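Following are the structures in question.
Each of the two complexes below includes chain A, the first together with chain B, the second together with chain C.
Now for the complex of A and B:
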């Protein structure tokens, strides 16, 4: 009995010891990198991004800069990565550098998660267009990142099937609607395009083309106008086509969508300049059959486009080495060698104006369009953007819910748009943002 | 001797109490703390220090309880839970009884075959079924004359994934309990002229009652926390909103729209409801199950 009890006590003591030593290890772990950094002089930076081949580009920098070593950490990309960064920043252990999509940047700024890097950024300002630069300043005096790539929109279409169904490349949205009816009448399984309720970024790009201004700053207050006239016109245009049944409503980037593209059941995709990437991986069978054109216009003779996607590289407000990080971000997005690598390894369309000259070879998927980049640059030249607000995440989530429902039930799209506007305004009011009437 | 007696029990308790405090009490306490706060922005919210955390008392709870979407979500999940519980536990019981029957063939193989889906992670299972459900890539979507991801069928399609994945585990729990029943009881029953069916209904099920209640409570907790299936299926269809289930609403609030405080309040409300439902169920069935014990 006595022996048993002793043994149990000993066992319990071991357990406790094991427990507490585990705890000690845990608490020691986070402090160890900090302890090692003063020992070595060089700076170690982490960089969250989802640019293909970024580790190769970083390796070039690391060889040239032994004192500033960058580690590239590949992220999933998209909304989840923005959330992950915000959460890491809130928890106090963010990366030093982060890929920030233009629409996510204002929420990073509002959360005080990214730093103002104006001193490092000013010398390279001239290398970017006004419109792009505005996306990283948000119209303020600060600079919250260095633009990396941009996504002007154009129309991708199946040249072979356009010929087969006897339709001309639509120059206006009116012609696009007519073509949609014509195609669907010839084969009820085939659609000219689809409206994706899961991709508010695409819709925002089309709204920019139409002249929408979802957010703007007037004085010291935000103005929210997601339901402005141009966007309402846009929403009702697509809502009408979906209701009529001549445009499909399957979301982009789903297995179904891949299959439709592969099988030639979808003839167009109004998308951004980065589309060759997803097309080649999602619809490999249609390689060499696509061509590009200007996005259809609202009024004949115009030359407008919008932006879908594109990112900047921002420096984390919580970084201990902001200067070194800003130096890397600037090099990455303005140095000719880095830009050439971004184009070659990352298949990006660089935001820096001199980056466009580096693009000569067409993407392999578009080997049938030898002057792909020249054409694309021309079609995208008229792209206009708008200021993104501090709660794009809320607006985009509301968009998905409202347009999911509208596309499913074939109800009014401008009604759905109104609920996006309402949800966005309600969230900003609740948070305490000052709103202009 | 007396001194040893006084500290020994505490020593034994230390690991449990430490773990409880670190991994349960502390996070719960922090959640409650967060649920009483909110960030307040001033002006444009862009400059330094334009955002601060303030104490708002029960405001977040008022907002959480007043949000119709949360209760609509509960209603959807309740319908889903009834469906899943009835079919999954019903099947689990039937399978367990069949495997336990005297003249069953291939018992080992069937047991593993039924249990195997439980080993497939929920996300993988949902994706697999999701692909099977998609109209243009599916071999089965035309089978029932209705698209599995359409508005009218989506609850059944989701329940199907849960039933497929959960039946095996519940069956195994019930089956193990069945094997523990003494064979003498069956022999006595057979001598008295009872058929296999009568043995199952009159002897096995009553003895199994505590185990059935156990798996029911576990299943209630699991199904009202449904998250994986709808979240994984959502990108494939227009029919699942971001607040389809209460847990999805918490996720959306915390990680999509970035309102950790509202999410914390909703989480506390949901935890409360789950507790009431689980313990309520236990209370209702307590006398039936544990009466003799």
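Now for the complex of A and C:
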């Protein structure tokens, strides 16, 4: 029932988008009988992803499954990969399997580029938390991928410098703001944190924590509420701190940010569970000086977090061997041996609940926190997600433009949020999605 | 008198042109020298030591890059050499023959073809990449070596250059003489025209080699198999490896540095073929 609704919404969009060659090929694909290939026949699958060490993980599968040979091909990650996959799908030339970031998956579904793999996925459903499973079903009856990794958010802080400046670990965002003022008053070159206008994913995670619901499907229409009350509150909170000048506004993952982390000019980073990876390469000098805590809460005593990052493995609608591909995707993300490899080779935080048990040794960067994974899993347990819409890329680009300007000119962040909402709605209207009022 | 005035007008400029050129060369060389120096730094030094102090990690970076995904970098390097070398050679051959034909033969539609070519120069290759991808996908050639080579062989600007060069470098009387002696079209092309077009062809080869070497969008769109990637796309996959993994800045920098070397070597060796007589006008265009 629900599936039909989403499909109808998606189909409308595809019609309006009017892809001439791709449309015909895609609609032909699902009816092709190739899905049930005899076991004796050798199947070759291609798999686009950007997981480090995936070659080695695939090699393990290939040895065990001579009849289903997978070739992993490393792609550029993120938005580029999503665009490239959609183009390939439109051209009728997609890989069999693709790494789909949770926020990109709805756009794949709307373009009918990924297949419903419910029969293969259902047996492993119990291995994933409900919140994560929702990211691959999009609230429908279909399953558009197997969750691979996730990024529950927590607070990273410089334990040594917290001691030096005499501040306690903030439990609420109010305390975080007070600490930001205190730190900046003690040393005007040092900031408690920074607001990054270039990382909408991080902002989305914080909005999830605050209780935002940016997209939802109601009836046969999409509802967009990027400017809902929780998100507005979040935007004004950071906007206020930036305006006051007690929080820096340099974007994450830039050379200046790396330098600030290395030099101890930034004391916290509200980030996801994968942060040890980037920290170890971007701030090698601060090794062993960080600690972790729960993300500050909006109300004392709560235990909420959000997700930043993470992806699923989806099967192309255009694949000739969907069944075999779904089998591989399921193995990769739920088999204990595969999960262990994902942790070891790919340095991922597996989405499967039993994957967390495989993480015992703390990351080398956090050798000072022996029970890093246990702590992190506890802090991230309260993470709640939301449904992503079919044009997250548009929303994210609008976010970067609007918040860049707002952070630079120190103007209203909720005003910037409104323009993100407007741009997103306008794009969805233009693409032919039905919108609920 | 005109010459005297020109000299008088020239004198007050004094060292200014030299100064402007010097600034220009610093502007061009600064990023290159930055890459060279940054390639010597370890990831720790990269963001904390001053920009122009040499690091200590050059050989470690080199070893790490060679070990990255079992030396896939060298495969990308070979692919790039194949795309750039093969593509530039084929493109030069096609351009030289077409340019010579357009310059020296009179046939119906010659001007039309030439005007279409001129129009082609105005269409940026970037605009064509996606339509080309859709076409190649349709004929089943996407994600093959040909999908990167073929679109870069026909290059309007190179044909235009070859036509201009052939028009100026090959005297009609020489071709006439050849015809009177009974030379076939093929003999005229290979024995008379092409030898005279040498410097022009070197120019075209270099232009195309550098253009293909640096081309990112076309292979990025065409190729899915990372074993066929050229350096540009390969290094990009290392750069965009996802925020949730350790970044590979120092590997990318040393990779960029290594990618520069063949280009510099090519220019230094080809320079002597590159005579500045007639081609100089063309080069500036």
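Remarks
Keep in mind that, in the parts below, the second predicted complex is superposed on the first by the 396 of 437 C-alpha atoms of A that agree within 3 Å, B and C clash if a C-alpha of one lies under 4 Å from a C-alpha of the other, contacts with A are read in each partner's own complex, and residues count from 1 in each chain.
The rule is short, and it goes like this: contacts are C-beta pairs under 8 Å (C-beta built on N, C-alpha and C of every residue); 3 or more make two chains touch, one makes a residue touch a chain.
Note that this is a predicted model, so its numbers are computed, not measured.
Contacts of A:303 after superposition on the shared chain: neither chain B nor chain C is touched. Touch criterion not met for A:367: it reaches neither chain B nor chain C.
Within the superposed three-chain model, A:255 lies in touch with chain B and with chain C [touch as defined at top]. Looking at the shared chain after the overlay, A:218 reaches neither chain B nor chain C. In the superposed pair of complexes, A:353 makes contact with neither chain B nor chain C. In the superposed model, A:151 makes contact with chain C only, not with chain B.
Within the superposed three-chain model, A:87 lies in touch with chain B and with chain C [touch as defined at top].
By the touch criterion defined above, A:274 lies against chain C but remains apart from chain B after alignment on the C-alpha atoms of chain A.
Comparing the two interfaces of chain A, the one with chain B and the one with chain C have residues 87, 90, 253, 255, 259 in common. In the complex of the two chains, the chain A residues touching chain C come out as 21, 46, 48, 50, 52, 55, 71, 73-78, 80-81, 84, 87-88, 90-93, 95, 149, 151, 199, 201, 252-253, 255, 258-259, 262-263, 272, 274-275, 277-278, 280-282, 284-285, 309, 347-348. If you check the complex, the residues on chain C that touch chain A are 43-44, 46-48, 69-70, 130, 133-134, 137-138, 142-143, 220-221, 224-227, 233, 236-237, 239-249.
Interface residues of chain B, counted against chain A in their complex, comprise 8, 11-12, 14-15, 18-19, 39-48, 51, 131, 134-137, 151, 235-236, 238-243, 252, 255-260. Residues 5, 8-9, 12-13, 15-16, 19, 79, 83, 86-87, 90, 106-107, 109-112, 138, 140, 142, 197-198, 217, 220-222, 249, 251, 253-256, 259-260, 265, 390-391, 393-394, 397, 400-401, 404-405, 407-408, 427, 431-434 of chain A touch chain B in their complex.
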